[in-house]
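Both complexes below contain subunit A, partnered by subunit B and then by subunit C.
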Partner chain A sequence: MQLIDRVRKLLLAGCAVMSCMTPAAAQVCTLALSNGGTLGLALDGTVLGSEEIGGLPAAVTIVSVGTNTIDIDAPQRVSGPPAGYNTGTESVELAYQGLGGLAAVSQAYTTGPSGFTVGTIALSVLTLHNRIVNPDGFAPGLYTTRTVLTCS
Partner chain B sequence: MQLIRILILTVLVLTALPTAAQSLSPMRKSGHTPSDVKGFRLTVGNPYTQRMIFALQPTEPGFAAAAAQAEINPAELILAPGASRQVILAFEIPPDKKERTVGLCVYPKYIEGPVLPRVCGTYAGTRLHGAGG
Partner chain C sequence: MRFLVAVIFSGICAAPAAALDVEFNGVVATTCTLALGTPGTLALSASGTILGSEEGVAVPATVTILSIGANTIDVAAPIRISADPPGYQAGTEVLEVSYAGAGGLSLISQAYTSLATDFPASNIPLSVLTVNNRITNSAGFAAGTYTTRTVITCS
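Showing the complex of A and B:
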């Protein structure tokens, strides 16, 4: 807390450390994860995805004031591989589609990072689909994916 | 089919999560400092309908790595629905630099599932005098 204490002391001493900041244009980003998402298994056993039976997409609501950037990291499987699972043939993929003020946003399934710029929009929804594709199938166990979505 | 049923049961673990939301304002800001430390007062909000715990992390500008010589107070926030709170971000400007930019990311502390939402801002401090390189 040394730095915080120093800033507070400067402030108490009448220094303009805080007040000499240049006023910034109003810029706000609000993210809300309204549904975390669920993966379901495809009938042929080669895809675990939110578009399969029993799966649900994740939904993030976004409110933006000013110009902000949404960066979506490459999706990853964060759970350890169950015994007998062949990680060498898997592909972790993400796709998304916007609604409302994000209606123009669309990304087909990708394994890499992606993103887009957003201006001032009212509450809008970004629906994200995750899937793990593995032609060798899935051993019984836990499969969890993770994607970091950053508004900056 | 039996194996598929077992698999479905075992993999349907990414269940729907409680809503998680955060906001950070302002998202970008810059200012001067007469010393080698720069501070910013920022506001973190929970605009939605349930109590949330947020973690705050000073980062390098790309938001990937934690920032050295940077502090946030508090580093963790419990916010009621609709509540907001001011936090202080402070960081050192190295002696050989005239300015420094750091990031600050806010994200729900306890969240599982496929998406980690975070809001990150960028903040720049410039020395008024005695700038280094």
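Showing the complex of A and C:
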């Protein structure tokens, strides 16, 4: 009888701990790629970007419980430069816009890292744009840019 | 035991940083486009022997060029496509073209010539080529309309 009572007390204590820890245990931040982006060439030949004809933005879904920080690295070109391409005059830029619980999030085109704080939100979409600006134009070939998002 | 439970839950609480790579891909194809910006006009020189786009109130033509990859711009010899006005002495006329580039074509310059010419165009953004035409005729000009044409080809 004493043993049963002791086990019951331990379970209750355990439940108390669980209850106490529930908010912290639910600290969640997930990032998922909905779709990658594509780059299209501007009519004047100086911009290869996801907002040009033939381009598409990337979409990332975010779920956050608790307070989290989304860090977005400076975008970079990860493909090798095509023959004849002048890399010295290019700049790689990123812009993004949130929807749903991220509706207040907006970043104009920038070449630097950026980020924002997010609280508890249901599954929401962050739309990202990348572009390469080069006043010297582009050489034929494949161009790939990468932006790294981190949630912590 | 309580400590053990707390430790276990603390382990669950630690939210690991999540990272995601987002990539964008684009393929730039070899291309060359030509577009007429403005056509030119011709005006008579003070001496009456030149009808050209650099005389008086006349204006040159402009052509925009976007080139990606190794291309060649061919500029054909200019021709007069309008009929001879009555009394005009066509036998002594000479048609000439000159042009100069801007932007990615800033190194391109051609003095007046009656011959076909060409120049290479590699990777350049949308740039302007300014084209002049003129008819030189030591016998002068008769009243009427004169139209010249220069064909530009990119390949």
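Everything that follows uses one rule, which is that the second predicted complex is superposed on the first by the 127 of 152 C-alpha atoms of A that agree within 3 Å, B and C clash if a C-alpha of one lies under 4 Å from a C-alpha of the other, contacts with A are read in each partner's own complex, and residues count from 1 in each chain.
The criterion applied here is as follows: a residue touches a chain if its C-beta (ideal position, glycine included) is under 8 Å from a C-beta of that chain, and two chains touch if they have at least 3 such contacts.
Note that this is a predicted model, so its numbers are computed, not measured.
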Which of subunit B and subunit C A:Leu99 touches, first, second, both or neither: neither
Touching partner for A:Cys151 - first (subunit B), second (subunit C), both, neither: both
Which of subunit B and subunit C A:Pro135 touches, first, second, both or neither: second
Touching partner for A:Tyr143 - first (subunit B), second (subunit C), both, neither: both
Partner chain in contact with A:Ala122 - subunit B first, subunit C second, else both or neither: neither
Which superposed partner A:Thr46 touches (first subunit B, second subunit C, both, neither): second
Contacts of A:Ala108 with subunit B and subunit C, given as first, second, both or neither: neither
First (subunit B), second (subunit C), both or neither touched by A:Tyr85: second
Overlap of subunit C and subunit B interfaces on subunit A (superposed complexes): 10, 17-18, 21, 24-25, 27-33, 36-41, 43, 45, 48, 50, 58, 60, 66, 68, 128, 130, 138, 140-152
Contact set on subunit B toward subunit A in their complex: 3-4, 6-8, 10-17, 19-35, 37-41, 45, 47-48, 63, 69-71, 73, 88, 90-92, 103, 105, 108, 111-122
Touching residues (chain side subunit A, partner subunit B) in the complex: 1-4, 6-8, 10-11, 15-18, 20-22, 24-41, 43, 45, 48, 50, 53-54, 56, 58, 60-61, 63, 66, 68, 75, 128, 130, 138, 140-152
Subunit A to subunit C touching residues, read off their complex: 10, 13-14, 17-18, 21, 24-25, 27-33, 36-41, 43-46, 48, 50, 55, 58, 60, 66, 68, 78, 82, 84-86, 128, 130, 134-152
Residue ranges of subunit C touching subunit A (in the complex, touch as defined): 1-2, 5-6, 9-10, 12-13, 15, 17-30, 66-69, 104, 122-126
